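Structures given as structure tokens follow.
The following pair of complexes shares a single chain, chain A, combined with chain B in the former and chain C in the latter.
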Partner chain A sequence: MVMSWTITKWEIKSTFRSRKFLFIFIFQIVTLFLVMLIFNGVLQMMNTGEEVTLLPSLGEFAVLDVNDPQGIIRDEINPDVVSVHTTDARSPMGRSLLLVESDGLPFNAMLFLDSSTPMSNIVKDEVESAVDRSSQKITSQIMASMERKEANIREETVGESLPLKLINKVMVAILLVLPLFLFGNLIIDSIVGEKERKTGESLIAMPISRSHIILGKSMAVIVIMAIQLIIWMIIIMASGFRIPNAPLIYLILVLTAVPVVGLTSLVAVYSKNYKEAGIGITFVYIIVIGFLIVPALVYVSQGRGVGPLILIMKLLGSENITISNMLLTFSGLVVSSIIFYGLALWLFERDDILFGPRPGVLKLLRGLL
Partner chain B sequence: MIEVESVRKSFGKILALDDISFRVDKGELLGVIGPNGAGKTTAIRIIACILHPDKGSVKVAGLDVTQEPIKVKSMIGYLPEEPNLYERFTPRNLLRYFGELYGVPRHVLNHRIDELLQLVGMEDRADDQINTFSKGLRQRVGIARALIHDPPILILDEPTMGLDPATATSIREFIRGLKGDKTMILCTHYMEEADYLCDRVAILNQGRILDVGTPQELKSKIKGDLALEIYLVDPSRVNLDLLEELRGVKNIRLDGNKMEVSLQERDIIPNIIRMLEGNVYSVNTRETTLDDVFIEMVHGDELDYN
Partner chain C sequence: MKLVALAKKEAYDILTNRVYILLVIVQVIILLGSFALASVSSIALDPELMDKWGGSQFLKVGVTPDIQGTVLEKNLKEENLKLVYYNDLQSANKALGSETSATVYLKEDGDVGVNIDAGSIFYTILSEKIRRASRSYNIERSLADLPDDEIKRIKNPINLSIVEMNTEKRLKIAFESPYFIGIMYGFMVPFILFLPFFLGSNIVTDSIVGEKERKTFEVLLMAPLSPSMIIFGKIIPVVLFSLLQSFAWAVILFLLHVPLYNLSLIFLLLFFMALGFAGVGIFISSVVDSTKEANSAITIVLFIATFILFVPLFMDLGFFQPFMDFIPTVILVKLSTQQSVMGFLVDMLPSLSFSILVFALSAVSFKREGLIRL
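Let's turn to the complex of A and B:
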């Protein structure tokens, strides 16, 4: 293990000395920081109910005939956006028509649009907003009248809407998992690079087993990922997102990195060159991301499921985690790590994989079975 | 020190080594010569524990390479055919990295690095990146890397291939300076290099060892000590049978109007010229070289093989 650590130490040193890597490393951090700023802005707007609206300021550009004797919606339409003309017509007469029928409350609104003109979209958007605003007004009036009569009834204002829930839980969880897939190129360069540059022969001649070479190189990538994860978590928290149980989430992420790096190592060991490895990890990562995301989506929609991403989402939502959930997730990670590293080390021990002629996947599988 | 016994190695359907056996004594420099694809690199890679033999045994200082590869590797300094160094490293960093991998104690390592950089004449470029180096400089760094742990055994695969004559000569002199101190195996294409440096030479062809011996022994097996090159006016007028009966003539080869006669002694040259009187255009003499041995043996082996 001492020799593995020597390889790990030098791989980390060499990686951080590389200008290309440093550029990518810093670029990722800056990108995340900007993404978080935008996220934060969107979330604040969602929380306050504000929306970003672009006013065309085109007087008399979009015109709407409105039949709304009580002015329920008419008064909510922004005249800077749509010019409102009061009418008592009940059918469209060549222009867009909004018909509001109200027998007390609730009301029914019908919008007639000439879809052949681009103005219809402006009218549609503004009417939708106006309907939304008047709907909120009416709801408030109802609530106010109910509060006066029933002292025990009050409006619930605490809680997150579904989009907020998705952003807070799913998006933050995905952002946290993302670094695990950003350093595939490091392990590819570290292992396939030894083959392409033919430096591997000298390394194999060292008094260290081939398994320790792979483990040392993998460990270096896991350490770099772990550093990156800390930085990402700090940025996410600094952007105003709460990460409850941060140490436990960090542990889960680092443990999830182990089989991901193991699988990448397996692809790298088998690949002859960068091109093959690049194609290989693209396919493999799509499958891995699927394995992580699909259970997470099932969890969001149905509230059940097991997996590292689900654990992280539960922790982000401050939900209770059962020991069985933890055990199932961790044992899944351990078993997949053992399988991926076992296969990578088995392949790396073979002379034909390192010096050719490389056997096909089917032949290897037959040999393995 | 190194014993190779009935080793066989295949790569897929290609038989790279076919039951080869040889040994290298302590302090000896064994040269391995052979054409491309003869199995030289495969043989030394097995000794250096880089490849696993399919059959047979290889022992280094009594240790089996398949049973105790880590111990064996720590006794060997290996210079591959292409040194292929890490481009972003400096020689000093590279030597430190490999020194640590060989387990050289930290307090010894710094001194050892300085010593080796001086030995291979790289002290001025010790902190420059390797990607700025010529092939000759890289080879020097490669040699220093192979020696970083002061191994008792050194395996060198084509150390002078592709180098300019001056650099090649300096590397040969460096290797010569290590003779006696280290047990060495040297794979080379250059016969004069093997002749100049090696105590014994193994000739390898098509995965088999054709012969092992000192350069002198090998030369005397195939030809005499001296070769006589005669350019003839009319080759059809030569009576080869009569010439071969002359005492001291070992071998005669006629190629167009050039006749090559291997001799054991210089004294019979006048007799030969007398027998060819009127048919001689020019005469040259030269010492028999390993080149002659190599061509003769490999050519003969290929004829037998076919």
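Let's turn to the complex of A and C:
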């Protein structure tokens, strides 16, 4: 263990001395600030009742000429959706035209729709919505003038809105889990780098067991991730997001980092070079992220499920957590850690993996079985 | 001939590299995935599409006995909502969120009461349909003493008629939905068409820096090839590979009924963008010594490029808004959706000039750095 700790200290020192690491570290923090800025913007829009849309702004692309002197429909068209050009033309001049005749009820509006562009769908939909909005206003005015009471529709929403739920729970939870995947390259650098720089041979010739080398290097990355997690949690909280049960969430995140680093070590030990490791890690992370996020989305829609991300989401929502939930999640993390580190150590002990010729995955599996 | 030989060798390297082929497959998955996602979300957000594709069966609304036989019940059914009848409001509310997504009932004063699950994926569409049905019911109730014609006139004070022009030039689109068109043409099309060029700049750095790492770059510089020939030999296959991919994605989009107008102009723009991205790759390759350094540098450059190219599609840039017309992705959206290209050619000029400038400066930098390192 002392040997592993020596490797860990050495790795942490060299990582923090690396200018590239510090640059990436700061770059990630800047990116996180930007993401938090966007989240805050979306939340503010929600709080002010503005419609939240993740659609691109097509106001510049969907164009409409409007001949509506009294602005009955024109004033209701959303300029962020359709770019309105006021005209007095009564026939279309090469693009869609809305002509409104306001000489007594019902008003007649005619939309000459240029079907040659896909944007015609956006123009048509927005004009229909504007007609709907304007009609509602006119109807209300008529009823008021007739002194007729227009009954109310009393809508009460139950539960948290889906976008709010996604931002407050899912996105914050994903942001908290993200550092675990951003620093995967550290363990790749640490293990594959030794192979590429041809320093691996000297390292294993040292009076230290191979298992201690892998465990020491992995521990260093877990420590760096733990530091990164504290910084990210501080930034998220400073941006105005509440993280209830922060110490418990932090503990779950650090424990989740253990199998993630173990799996990354496994890929790094097997890879010959950075390129192979890069591809391997991309695929492995896609699968791991899928394993974390899919149950989380099921939890959002169905309200049930088990997993580290779900546990974090429950803690973020200050929901009750049962002991079985905790036990299942933690035992999952422990079992996966044992499997990943066990395999990584087993591979690193093999000379054919370190010095070649490297056996294929199927042959290794057969050997293992 | 020498240039062709180098270009052929580079093309062979690209086509036999499993990583690049894998990335091409990843792009196809992104394309098909984004199309599927846009299709599903269009159906979930568009009431008409929801009705057309039979999704209304998921819009379950719990109602109380007092609704039965009323105009409100008729209106709700006309909105294609699936009504689930409960004995009282309490049981209806109990089922809200699990069996149903909303409860509609009549209050003591006759107002329509609606309890709706805000966490439902169909919240927007459901709320819109219930509001429409309830509002129509309220108006009819308030004006019950008036003749039907008069009620109709008050309910619909604007008659909108739509005359479709240029129907012969109309192209079939997968989903006639504003959401689908917005997300596909306003973001996915430029994103998908630009992806190969992001990959292209990576291939350029891989190729040049790879030679440096394998110590074959010096040999290449000593070969009877001018620096310009080396640059062109390296980038011609990359530019062609990127353009071919973009063309293939345009064909797939066409087959998925997402047709693009002005393909020739789009590819002219993309060709110059390819030059610009290749130029960035050359510049980075000339100043770094290892693949690791090159990857870090290219990640940062592409991050900034993504920001410049795609953020203007989503945000009002305030002071910078007048410059938006010159952003390549914005030009691409306009070109791909409109038949008339008036004015776009002028808008393209700054992008084209900038790409040529980036490429020229990178070539100069490469020549100087390449010679120094000898």
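In this text, the second predicted complex is superposed on the first by the 258 of 369 C-alpha atoms of A that agree within 3 Å, B and C clash if a C-alpha of one lies under 4 Å from a C-alpha of the other, contacts with A are read in each partner's own complex, and residues count from 1 in each chain.
As a working rule, a contact is a pair of C-beta atoms (placed from the backbone, for glycine too) under 8 Å apart; a residue touches a chain by one contact, two chains touch by 3 or more.
Predicted model only: the values in this text are computed from it and were never measured.
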Which of chain B and chain C A:Ile24 touches, first, second, both or neither: second
Partner chain(s) touched by A:Thr139 [first = chain B, second = chain C, both, neither]: second
First, second, both or neither for A:Lys124, with chain B first and chain C second: second
Touched partner set for A:Gln70, first chain B, second chain C, both or neither: neither
Superposed model, chain A: greater residue contact from chain B or chain C: C
Which superposed partner A:Ser331 touches (first chain B, second chain C, both, neither): neither
Contacts of A:Thr86 with chain B and chain C, given as first, second, both or neither: neither
Footprint overlap on chain A, where chain B in one structure and chain C in the other make contact: none
In the complex with chain A, residue positions of chain B that touch it: 11-12, 14, 45, 48-52, 69-71, 73-74, 76, 78, 80, 82-89, 97-98, 100-103, 145
Interface residues, chain A side, partner chain B - complex: 3, 6-7, 10, 14, 17-18, 197-199, 201-209, 351-352, 355-357
Residue ranges of chain C in contact with chain A within the complex: 19, 22, 96-97, 107, 110-121, 123, 127, 130-131, 134-135, 138-139, 141-143, 153-167, 169-171, 173, 176-179, 181-183, 185-187, 259, 261, 291-293, 296, 300, 303, 313-316, 324-325, 330, 333-334, 337-340
Chain A residues within the chain C interface of the complex: 20, 23-24, 27, 31, 54-58, 60-61, 72-73, 80-81, 92, 94, 96, 105-119, 121-122, 124-128, 131, 134-136, 138-139, 142-143, 148-162, 164-165, 274-275, 279, 300-301
